[in-house]
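This structure is in structure tokens; I'll ask about it shortly.
Every chain is named by a letter (A, B, C and D) in the order it is written, and numbering of its residues begins at 1.
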Amino acid sequence: MIRLVAGRLATGAALLVLLSLLVFVGVDLLPGDAANARLGASATPARLAETRQRLGLDRPVLVRYADWAGGLLRGDLGTSVSGTPVSAILGGRVANSALLAGLTTILLVPISLVVGMWAGLRPGSRRDRGVAVASLLFVAAPEFVTAGLLVLVFAIGLGVLPAVSLIPPGAGPLDRPAALVLPVLALLLLHASYAVRMIRATIAATVRAPHVEFARLNGEPPRDVVRHAVLPAVLPVALQVWLLTAAALVGGTVLVERVFGYPGIGEVLVTAVRTGDLPVAQALVMVLGAGVVVALLAADVGVRLSTPTLRTAEQPAPVAFR
Amino acid sequence: MRWPGTRVASGVLAVLLVVIVVGPLVAPYDPAAPVGLPYEPPTPQALLGTDALGRDLLSRILDGGLPMLGTALAGAVAGSALGTVAGLLAAWWDGRSGRSRWVEGAVLRPLDTLAIVPPMLLVLLILTAFTGHAGLVLAVALTGVPLSARVLRAAAAPVVTRAHVEAAVARGEGPAWIVGRELLPLVAGPLVADLGIRFVAAIYVVTAAGFLGVGPSGTDWGTLIVEALPGVELAPLLLAVPVVLVALLAVSVTVLADDAVRRSRAVLA
Amino acid sequence: MTAPGLVEVRDLVLCAGGRTVLDGVRLDVAAGEAVGIVGASGSGKTTTALAVLGHLRDGITHVAGTVHVAGAPVLPGRPPRGVGYLGQDPGASLNPYRTVRAVLTAAGGVRRDRAGVDALLGRVGLPAGLARRYPHQLSGGQQQRVALAIALARDPGLLVLDEPTTGLDVLARADVHRELASLRAAGVALLWIGHDAETLAANVDRLVTVADGRVVASGPPEPARFTLTSEAAPAEVVLAASGIVGGYGATRVLHGVDLHVGAGERVAVLGASGTGKTTLARVLAGLHPAAADTVTVDGATLHPDVRRRTRPQRAALQYVAQSPSEALHPRQPVRTALHRPLRLLRNLRGAAADAEAAALLEVVGLSADTAGLLPAELSGGQRQRVSLARALAARPRVLVCDEVTSALDPGTRDAVLGLLGRLCAQDGLGVVLVTHDVEVAATADRVVVLAEGHVVADGPVPDVLGGDLLPGGVPSHLVELLRPDVADPTVRGTVNVVPSRRAAVTAPTVVSDDSPPTG
Amino acid sequence: GSPASAPTVVGSGGGGAAESLDPFISGTPSDYARNWTVFDELFAISDGNPLPRLAVGVDQGDGAFTVRLRDGVTWHDGSPFVADDVAYTLRYLASPERPVPHELTGFLDTAQVQVRDPRTITIPTLQPVGDPAMLFAGAGMRVIKDGATFAPGGTAVGTGPYRLGAFEPGRQARLTRYDAHWDGAPFADEIVVISLDDPSARVNAVRTGEADYAADVPFTVARTGAGGDDLEVRSAGDTQRTSLGFVMNTTIRPFDDPRARRAVRMLVDRQALVDRVLLGYGVTGNDLFGHGARYFDDTVKAPATDVAGAKALLEQAGAVGAPLVVRSAEYEAGMNGSTELFVEQLKAAGLDARAEIVGVQEYFAPDALAATHLLTFPLGPFPLDVTYARSAAFPTLALNDAELKTAVATAFSTPDEAARAAAWKTAQAVMADRGNWIVWGLADTLAISRRNVAGIEVRDSAKYPYLGKAGLA
């Protein structure tokens, strides 16, 4: 297990390096650059050239990459083309987005499990079909549309929840929990629907599995069948779904953040990419990519631990030690 | 699971497809030209009212189905095709124990790299690089490839060890025959299902791109949704019509794709 | 509990989507009686058995008739108490997420303590040490017995058994048969489903035959038939393999196996599940990497990798894989299956290939129209013949057949084995018949017994397979041979927990201390 | 206004997280709103004219000018404001470490600045500057304290009406009243400047009572109504309108021919664009940028719409059927919409026009600009110096015309008020006659506000109002 984790982390790191190079060179090849974006309408050729020189954009791309990578190794994320250090820009924002993603995931776990079970234990029943169609609808609607509707109903209509996430300086989103409700809800409706669909399907399939039939036919009470035979079979799949959702939420909160003006990485991400702010874009690619690597690894480890065949694969059968 | 879902979904999809394909021909007005003032309510002349620039919503809806479908389909097909080839190759090389694994690595490592970029970031990067529909197709395809490859690889894994595949190897068939004729027909079910999911994701990417300000202009339904957002209070139909159409399309396609999964033995067995 | 007329099935009609699955089944089991049900695949055996348990699978509807167990109606959905059930596939029946102890502690709706669990294990002949294992850490026979223990946990008066030994190798099968025999002796009624009338006959009081959802015959079973044949010793050696070593990763499966086959000779390779028979066959076929060039055909050494063998070499040794449903591509018609080897190995195309394909089909006893059919449109026996025809298309000198009959019903099996015999006699073809089935092995000229990757016996059929029969039709002499604890003491204690490629057949390569103390 | 807290929502046009305490890095509207309140400038623009702030006057010299500074001004930390602070500021913004060269460094020789006494400073120029006060006002130069640096997480000390309290880039800045401000104590105890990227989010914040004022809100809000009895939609007024238009590239065909330029100006239906893109919240333009600035010539009329005449002109110019690419990016709301409609108008007149919508970072990429025929161009009510300097320096935007060049040069360099006015008049006449601008509309700048919010002034731009005198009535 330790070897697995170490190996996967090493591969993940290697992939991140590859990725950073791809993104660096790729973004550099885009038409326009940070100097253009920065100067806008005042970008006279002379100013443009001078700005390029000041930002170091006139140097070859690989030299800049090496510079950036060297800085990264020293723990220096570089300086945004706006002149602000990247670490200052990202600072609390990464944590805020992670909070949004984390809260959504935490809520998603019990909700998707309960709803998925409720529907999946009676495959084909009325409630099962109802859940299937409702979840499909939520999956089909973009979350910013859902979010907009939520604002219209709960903030502007009923006035019970804030329409925007105004977090005072020095405070975190947790200091204003009300501001988190709608963003989390919007994310939850989309992602939980997906998780419910997957979990429902697995449960529906497991209910028909031979080991469940066997237990039932040999008189095991229904509650025990669900607890001992159905749930453990669903867990590996559910774990995968949850962690993959968490991975998708890393950087996937952009749209909702924008609707609510939530102080996460969403706006930074969009601006950095759109203005060719390479140091910021790079840092985000690294942070988000690392997040995904960890989430995927956690998913694999979780599945391994929750599946006896995999868990025991590396150790001899218990009795062999006697 | 015998419920009318599949039949209803096929019906809805058929109607939508007719609207999408015939739409551009029957649109009452030029979808790009203003016919009135912005945000006019429905009138007999403009049955669904006008949009933010005074253009006829109905004409735009009718005109925008085809580009939307085209983009989504092209992206989905491209992503699925790439994923399928990669997945099958990987499964094939993985399935042969004791043989060199580098090909599998060469196929899967780049995809893994893609897979660790959050999709929204990937979409932003790609659409900043390539504006317009070509960029969207690429974005849809690239965000889908890693997952498609994994799905197809999983589906193909039990197939590659089948005796008829080995028989083909033993009698000296080449890789084209083995991947194309021995493996591909047996993963058709997962392939179709994957295609359905890609298609829904494609529609989503189009809308999300528009929302982030990197989408193409035009009448694409996804673009219509985004354009409608600022004026939603003035003209709710502007948002409601494309959202409902996209939802119907997505739901019917998903239902049919689910059905394909259910019927495909390779996924369940 | 043991009142007469324990099970009464009267005119039971069950339908599935408009099709009649059971068409007026009438069946009785008296207390303490052992009744066997046989019938072709799909004839409704499983459906009947489940109906006795008050269970209808999804999609099956109750149309008419009654099922009473111990006087109480069980249909619809009122499962009887005191009936134990043992499914077809022990590997799949056990909850893969719980240890044996966890399952047995609460089995049958009663909580029992450690001693209770151990007692239950003892009843099915398993040591208490097994309780800490997960199902996948058990051999097929052990799994089957744990499942039996769960069924026994209810203290049943009746056990419903649905093909309880299909997935098991000779050893495990003998063990299970022994357990069932002792239960029967203890007065438990058995409703036992199998597709092999001969094996069942030895173990039940009465045999019921089902066909197309109807009971067509009922009566006392015929005694077991066991024929041993032996033909004259052959002359020239076509296949010679010596010191074959092979394995998976670090695990070695074959420890220097020698094998030779003469022209026109049928050599059976017999062994328990997981001893390396398939590995051996695949090494011969060049599909599995072997340590060295150890295989010769007609004196010429073959490369260990089939792709590096020359075309004539590839043609000379042909491999027929285990499952007929996997051996043929489900989307390719028989014609394609035959044309490809003709084209690649014999350079025949077009009309010439068509003619040759028709001739091949005739050789294996199929009509020429078969060429246009898809595998799904063929019966299992026909499919197996097509596989054989495909192998014969290469004009081989040696045919390596891996369990070519294990998925077939007895009639079809005999026909395929007969065909092989004919080919040997007529064309001087050498045949390697890999099997775990003693009856199949008995049809060969010579038997090579494999245990733990070692050849433990090699000789004419009567020498190896003669002697007393154990319950289940296994020669006791063979069981002695296959008991590996005698074979190699150095590997004792390392239980092989490599998950089997096929879930149904999980067996330890070495049976350690906690293996059944039999009896 | 009464001394109450007045949280203000200000839009942030993207990049909010990169907001900086450094007033010379300001990029977003909330950056400006905050820095404009914390720091004071030498001269501000008020109704198009320079308004003395930290400076009280300028004396022209030979190749240099001398700025007289205000007395009795103190920094937020209590120290007095002196000429050394101005000298430091000039050195600071000329520093080669800064990521972007400051516009002023093209005019001033910052290395040779001489501090005469604490109230007087002499600044040499690199090229003649006719109206230094206007130059400073147009460049919006704030003064920072001698030795100031702006590390993230630190604070900023200014002389402005509000001190900086807690601040989180891209989120909020809390500004507290500086009672010792030289211009009289401000009204509100505290002002909160909030950064919100999404226009709907800004409106929603005011509608749900989480903020009192949001600048730069979409026209649809005015159409829908403010959404509450205590709310109103405010317009910044005529002089604060943004000029929206297209610039024709005179370096390539067909717009190297003045007839083709004139023809297109005769084709465009300005009112239709105002009605649709601006929802009627604005008026038609007269094809000159600079509306609202001093010397702007609003007597000039745009050519009357005359499709037949335009076609004849195009014929003469040999431009019939020439492909026209209109480049646009949505860096101001309505840019892409106006481009789409404009292209439709050109098409309706039989021209082969096509919109090319790109991202903001590549919009001003020189190569691509050089190849397009028309590009969208919005411009706020900047001084004419800024407007003409910008367009002259950019080959694709510039009009290569001798008379224009002379007039603009004179207007830049002459210290004589009358001569300057005459020069600007000439320059604008050239643009009106054969220029390459199509300024089709003057867009209102709208804000949504609680009714009791008072004292919000517009100085540089209505998109980031001056909050120094704001309060709740």
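The definition used in the following text is that a contact is a pair of C-beta atoms (placed from the backbone, for glycine too) under 8 Å apart; a residue touches a chain by one contact, two chains touch by 3 or more.
Listed by chain with UniProt protein names: A = Metal transporter; B = ABC transmembrane type-1 domain-containing protein; C = ABC transporter ATP-binding protein.
Quick caveat, the model's predicted, so the values are computed rather than measured.
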item: Mutual neighbours - chains that touch subunit A (Metal transporter) and subunit C alike; value: B
item: Maximum inter-chain contact count - chain pair; value: A-D
item: Computed distance of Cα centres, subunit D from subunit A (Metal transporter), in Å; value: 39
item: Whole-Å gap separating subunit B and subunit C, where each centre is the average of the chain's CA atoms; value: 45
item: Rounded Å distance between subunit C and subunit D, as computed from the means of their C-alpha atoms; value: 85
item: Subunit D, residues touching no fewer than two other chains; value: 200, 358-359, 361
item: Residue numbers of subunit B (touch at least two other chains); value: 128, 213-214, 229
item: Sites on subunit A (Metal transporter) at which at least two other chains make contact; value: 30, 148, 258, 270, 274, 276
item: Subunit C partner contacts - residues on subunit A (Metal transporter) that touch it in the complex; value: 208-211, 213-221, 224, 228-229, 232-233, 307-309, 312-313, 316-320, 322
item: Subunit A (Metal transporter) - residues contacting subunit D, complex; value: 30-34, 36-48, 50-51, 54-55, 79-85, 88-90, 92-93, 148, 151, 155-156, 159, 162-164, 166-170, 258-261, 263, 267-268, 270-271, 274-277, 280
item: Parts of subunit C lying in touch with subunit A (Metal transporter), wherever the complex brings them together; value: 50, 53, 55, 58, 79, 81, 84-85, 87, 89, 92-98, 102-103, 106-109, 129-130, 132-134, 136-137, 147, 150-151, 153-154, 493-495, 497, 499, 512, 514
item: Subunit D residues touching subunit A (Metal transporter) - in the complex, by the definition given at the top; value: 14-18, 20, 22, 25, 27, 96-101, 103, 152-153, 166-174, 194-198, 200-202, 204-205, 207-208, 210-211, 227, 331, 358-366, 368, 377, 379, 390, 393-395
item: Residue numbers on subunit B that touch subunit A (Metal transporter), as the complex places them; value: 1-3, 5, 109, 112-113, 115-121, 124-125, 128-129, 200, 203-204, 207-208, 211-214, 225, 229, 232, 239, 243, 246-247, 250-251, 254-255, 268
